[in-house]
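Heads up, the next two complexes both have chain A, just with different partners, chain B and then chain C.
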Partner chain A sequence: MGTENTRTIAVDYLARVEGEGALYVKVRGDHVVDVELRIFEPPRFFEAFLRGRSWLEAPDIAARICGICPVAYQMSAVHAMERIAGVEVGGHLRELRRLLYCGEWIESHVLHIFLLHAPDFLGYPDAMQMAADHKSIVEKGLELKKHGNAIVNLLGGREVHPINVKVGGFYKLPDQYSMRELEDQIKRARDLALDTVRWTSSLEFPGLEIDHELVCNGKAGEYPMNEGRIVSSAGLDIAVDSYDENFIEEQVEHSNALQSRVKGRGAYLTGPLARFNLNFELLHEPVKQAAREAGVVASRNPFQSIVIRALEVFYACEEALRILRDYDAGLPPAVDVDARAGTGYACTEAPRGILYQRFSTDAQGQVTDAKIVPPTSQNQLAIEQDLGALVPQHLDKTDDELTHLCEQAIRNYDPCISCATHFLKLELDRGPADA
Partner chain B sequence: MLGIGQAMRGDDAAGIEALRWLRDRYPELDCEELTGDPAALLNAFANADHVVVLDCVAAKPGDTQPRVIDGLRQGLSAGQGASTHAFSLREAIELGRALGRLPERLTIFGIPGHDFELGASMSTDTCAALARLTELFPKWRQQHA
Partner chain C sequence: MAVKKKLAVFKFASCDGCQLSILDLEDELLTLAQEITIANFAEASRAVLDGPYDLTLIEGSITTPHDFARIRELRDMSKFLVTIGACATAGGIQALRNFADVSEYTRLVYARPDYVETLHKSTPIAEHVPVDFELRGCPVNKHQLLEVISAFIADRKPNISSDSVCVECKRRGTVCIMVAKGTPCLGPLTHSGCNALCPTYDRGCFGCYGPQDNSSPAALTQYWQELGTDPQVMFRLLRNFNPATEPFRSESEKWAPKTPEQ
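Let's look at the complex of A and B:
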């Protein structure tokens, strides 16, 4: 479409992204002069919605923000509330929360790998058409996801939006027999996960190396999932309650959502690529070995995030089995926690990156203030920078091919834009070369 | 009976609300609330001969008429669903078709929805549509179940 010197590509929806948003890329000659990821929905609606609610119901409300990563929203909220109460939940309850998180990582990563991102690599417009030719791959993904769902279902009370989690622990713990059955199921999932690592590593990856500052949880002595300090590849090492002093959210003209930056530095990347690169040594040995065989140790290519997600699924299975082996149904399901006035901070690793929450409550436990920074809004600038580097390398492609490549690059981040927006419309403006 | 939706996203709650109403009145029905997760949908499809789905469909203001759709023969358009995620009921049905995992009968009750804001209550139009559904369903059940 357009005149001889001007071409504009518009795609009504960027499919296979969990939610909706818009992207504008302006190209002049061989140069990308502007990349704007636009977000339309007022992202802070839920923060207002949480004010005035009981501190005990806030985690369940926060979990409703996303149907793909509700555990992350719930976990950040319960941790923040427990910090207000001055309670640290440790021992078996800490382990079981980690198990719940394993379930969510499997659910979310597998959905993305098999149904959202794989069609890009195999040359299909969507998973339905891919399934016609690659039935066994899709069946494998659905089975693996089912095993992840089983963890969340057993421990959380249902497969999505868990109802068994509360401030202080759980309402009820599963019986020993159910957990043994789950262990058998996750052994099967572990085999499927390793197959997935091998399969994803055989895909063809566009070349792209971006030296983003990588940010994740860390320094907790374990692969980051639901606790830790906030660390980065540029030397950042802060307690979670210093988040607001080190990160800034800014309103930009083209988006209603706030964009995050590291103060004094700018864009950063959070999610599997950051966790993997900064914490490789904390992975279980079989996972490290699989990574070596896959050839992705210390990868900075965002397109290889599909392999790293598969490795994290493999890790989540190994970790779930470790926790399940030591399970004792006779231990108490929760610790007592009392309301008090204060402010609590928490940051956990949602499948797509760090999820920061800050809550303030009064002495009766009523929420007086809430701040939620989802990972997708933190990755927006990194996505824009990836596209700014990628597009000039592929200007010889047709508009359709380039549009598809941009979509694939955005999906590298598995953006959960439903946390912050309505739809993603892609517009590629090549304009006249002399403009 | 599958109720699909998000209870805190305005009219997207309609499928869940409809299911809860039906579950109270017809305890013999096998009912399940879902968020639209494709794997859960496909599992539910695989475990029944006749699946009835209650879900919200995006509609024009003032539209309060529930639709009864044959999910196997009448295609859902891309704009007909109200899913907050790109992988919606329509995609789950098409994936089930590709994998041979569809039930013998799949009936969709589409409840018109208009406002899908996080935290919003259901709109008056969608509440009216739910009221019409409660009249429509017993008659449909007599004829088809």
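Let's look at the complex of A and C:
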């Protein structure tokens, strides 16, 4: 396709990502002249209809932004609201929230590793067809995913849009026996997770090293999930309430979604690769050891994110076991919180990157303003830069091969397009494939 | 062996959670893939087989002019069309816009509202095309979803209860939190499917599965009043994930704050 030395790679509907997006790359000679990750998810206006709702409803409403990572939306919402109330939820409740997040990391990462990303590495259109030749691998993945879901199910009530999270803690805590059973299940998961690290590290990775600015929570004294300062590989080190002064969201002509940038610098990368690189020392020793054996320590290759996800699954299993060992069903499920006027900020680590939320409420706890910045809108520019760097290295490939490689590179970020409160539909000039 | 039937899954305005429920069928997914051809399911596969499809699952509501046209095309190429979840079945939480000024919403969220193409209402699929079966829930119950697909493979009617959450709760033997604790609960009005989840977690039902047919909302809101429930709380309970569906819509109007707002 194409005339003379112009090639166009167009994917009208990206597969194996969550939500609706498309890809457009234009190459002239050996230069990429245009890269667009196009998002055509219809707008749903969460930030608008959160206004006027009760602060106590925010966790349940925000969860509906994303069926893949609802816990992340609930966690950012409850922390923002508790900061307005001036309450710090600590002790066992803080630990149990971390446990819930471990469950979501496991289920979401494992979904991505086995069902969405691995088929690219092995050359299958999907995991079901991959299972025809690699049945035991896919079965192990599904089993591991199920163990992660078991955490969210028990502590959250159900795996998609959990119902047990509230401002101040939980509605009800699970009984001792159920948590003991869960612990046995997670021990099995830990073994599967280590197998997954070893298996993913044996895959073949296209070479790609881009010096993206890595952004995540840090300085939390633990591998980050629910809190920390926002830090970056370029020296950013800010409190969460300074997010708006340091990051900007822009509506740019060539893209159809709001894109986030670090003010004064530009694109950045958030998610497993950032967390892993900036918080490596905080991983448990067996996880560090597995990372060394996998040969991914300090890796900046986005294609190796599949291994980093597996390492984070391993970490989440270890961390879940630590929390489960100390579980005491006799402790209270929540602390009391009272509405008051103010603004609260929170940034937590969704599986695919930082999820920022800011809420303002009046004295009765009615939401007067809401801002939500999902991880995928933050990673958009980095994805486009990766494609711009990758394509010129692979111009010898056929159009089909190159298209598939570009899709794989997008899937490196586990993009969750439905997350995108902001994403919107534009009238697009798709053009014919050979335009 | 008979030719396998073709399954397609399409998404409109939604969160992906209902179609994720298919991939959450960890124990059944591989068997399911043997029994039916997954012909078009973008979240799970790059492989796309052209229509017509024997069974098409629709997630999400209609909110854009483009989707308004797309659903008609999908209906034309589908033998059976089933909606999965509150968005496709009832317009979803994004139907809160139906009570508001959408141009103001657009201005609130987007710097360049002129870029945004959206309809003033979020509407269920059945308002646009005939639907063969509606599976409710925000999100759907994955076991019910499996039952719908299995019934279809076996050429039988899905065995999905149309009771209320209240009946499910009694069947489960959970003590009524409304009677015992005075917690307002939407269970008597809400369609079953979640196995009365919230009351088992000491929480009142908040209506994820939408209204059950033949429910009597006025009797429930009167009871809530007797419990001393704040009218604002009643209003919000009736107007969250299925706000545009009767009788939630009309009953919520009765408790709407005096100054119009969400």
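Quick note on the criterion: the second predicted complex is superposed on the first by the 402 of 435 C-alpha atoms of A that agree within 3 Å, B and C clash if a C-alpha of one lies under 4 Å from a C-alpha of the other, contacts with A are read in each partner's own complex, and residues count from 1 in each chain.
Keep in mind that, in the parts below, contacts are C-beta pairs under 8 Å (C-beta built on N, C-alpha and C of every residue); 3 or more make two chains touch, one makes a residue touch a chain.
Keep in mind that this is a model prediction, so the values were computed, not measured.
After superposition on chain A, the partners chain B and chain C collide with one another. Looking at the superposition, the partner that touches the larger set of chain A residues, chain B or chain C, turns out to be C. Once chain A of one complex is fitted onto chain A of the other, the partner contacts of A:51 are limited to chain C, with no touch recorded for chain B. By the touch criterion stated above, A:64 is placed in contact with chain B and with chain C alike.
Once the two complexes are laid over each other on the shared chain, residue contacts for A:115 go to chain B and to chain C alike.
In the superposed model, A:290 makes contact with neither chain B nor chain C.
Once the two complexes are laid over each other on the shared chain, residue contacts for A:22 go to neither chain B nor chain C. Of the two partner chains, chain B and chain C are each touched by A:149. Clashing C-alpha atoms between chain C and chain B appear in just one of the listed stretches 113-121, 131-139 or 221-229, and that stretch is 131-139.
Taken together, the two structures place residues 13, 15-20, 41, 45, 48-49, 61, 64-65, 67-68, 111, 115-116, 126-129, 131, 135, 138-139, 142, 145-146, 149, 158-161, 418 of chain A in contact with chain B in one case and with chain C in the other. By the touch criterion stated above, chain A contacts chain C in their complex at residues 13-20, 41-45, 47-49, 51-54, 57, 60-61, 64-68, 70, 111, 115-116, 119, 125-129, 131, 135, 138-139, 142-143, 145-146, 149, 157-161, 163-164, 171-172, 250-251, 256, 258, 333, 404, 407, 416, 418, 421-422, 424-427.
Within the complex formed with chain B, the chain A residues making contact are 13, 15-20, 41, 45-46, 48-49, 61, 64-65, 67-68, 107, 111, 115-116, 126-129, 131-132, 135, 138-139, 142, 145-146, 149, 158-161, 418. Residue ranges of chain B in contact with chain A, taken from their complex: 6-9, 33-40, 42-43, 78, 84-87, 91, 94-95, 97-99, 117-119.
Within the complex, the chain C residues that touch chain A are 11-18, 20-21, 23-24, 26-27, 29-30, 33, 38, 41-48, 63-64, 66-67, 92-94, 96-97, 100, 102, 104-106, 108-112, 115-118, 122, 138-139, 194, 197-198, 200-203, 206, 208, 232-233, 236, 240-241, 261-262.
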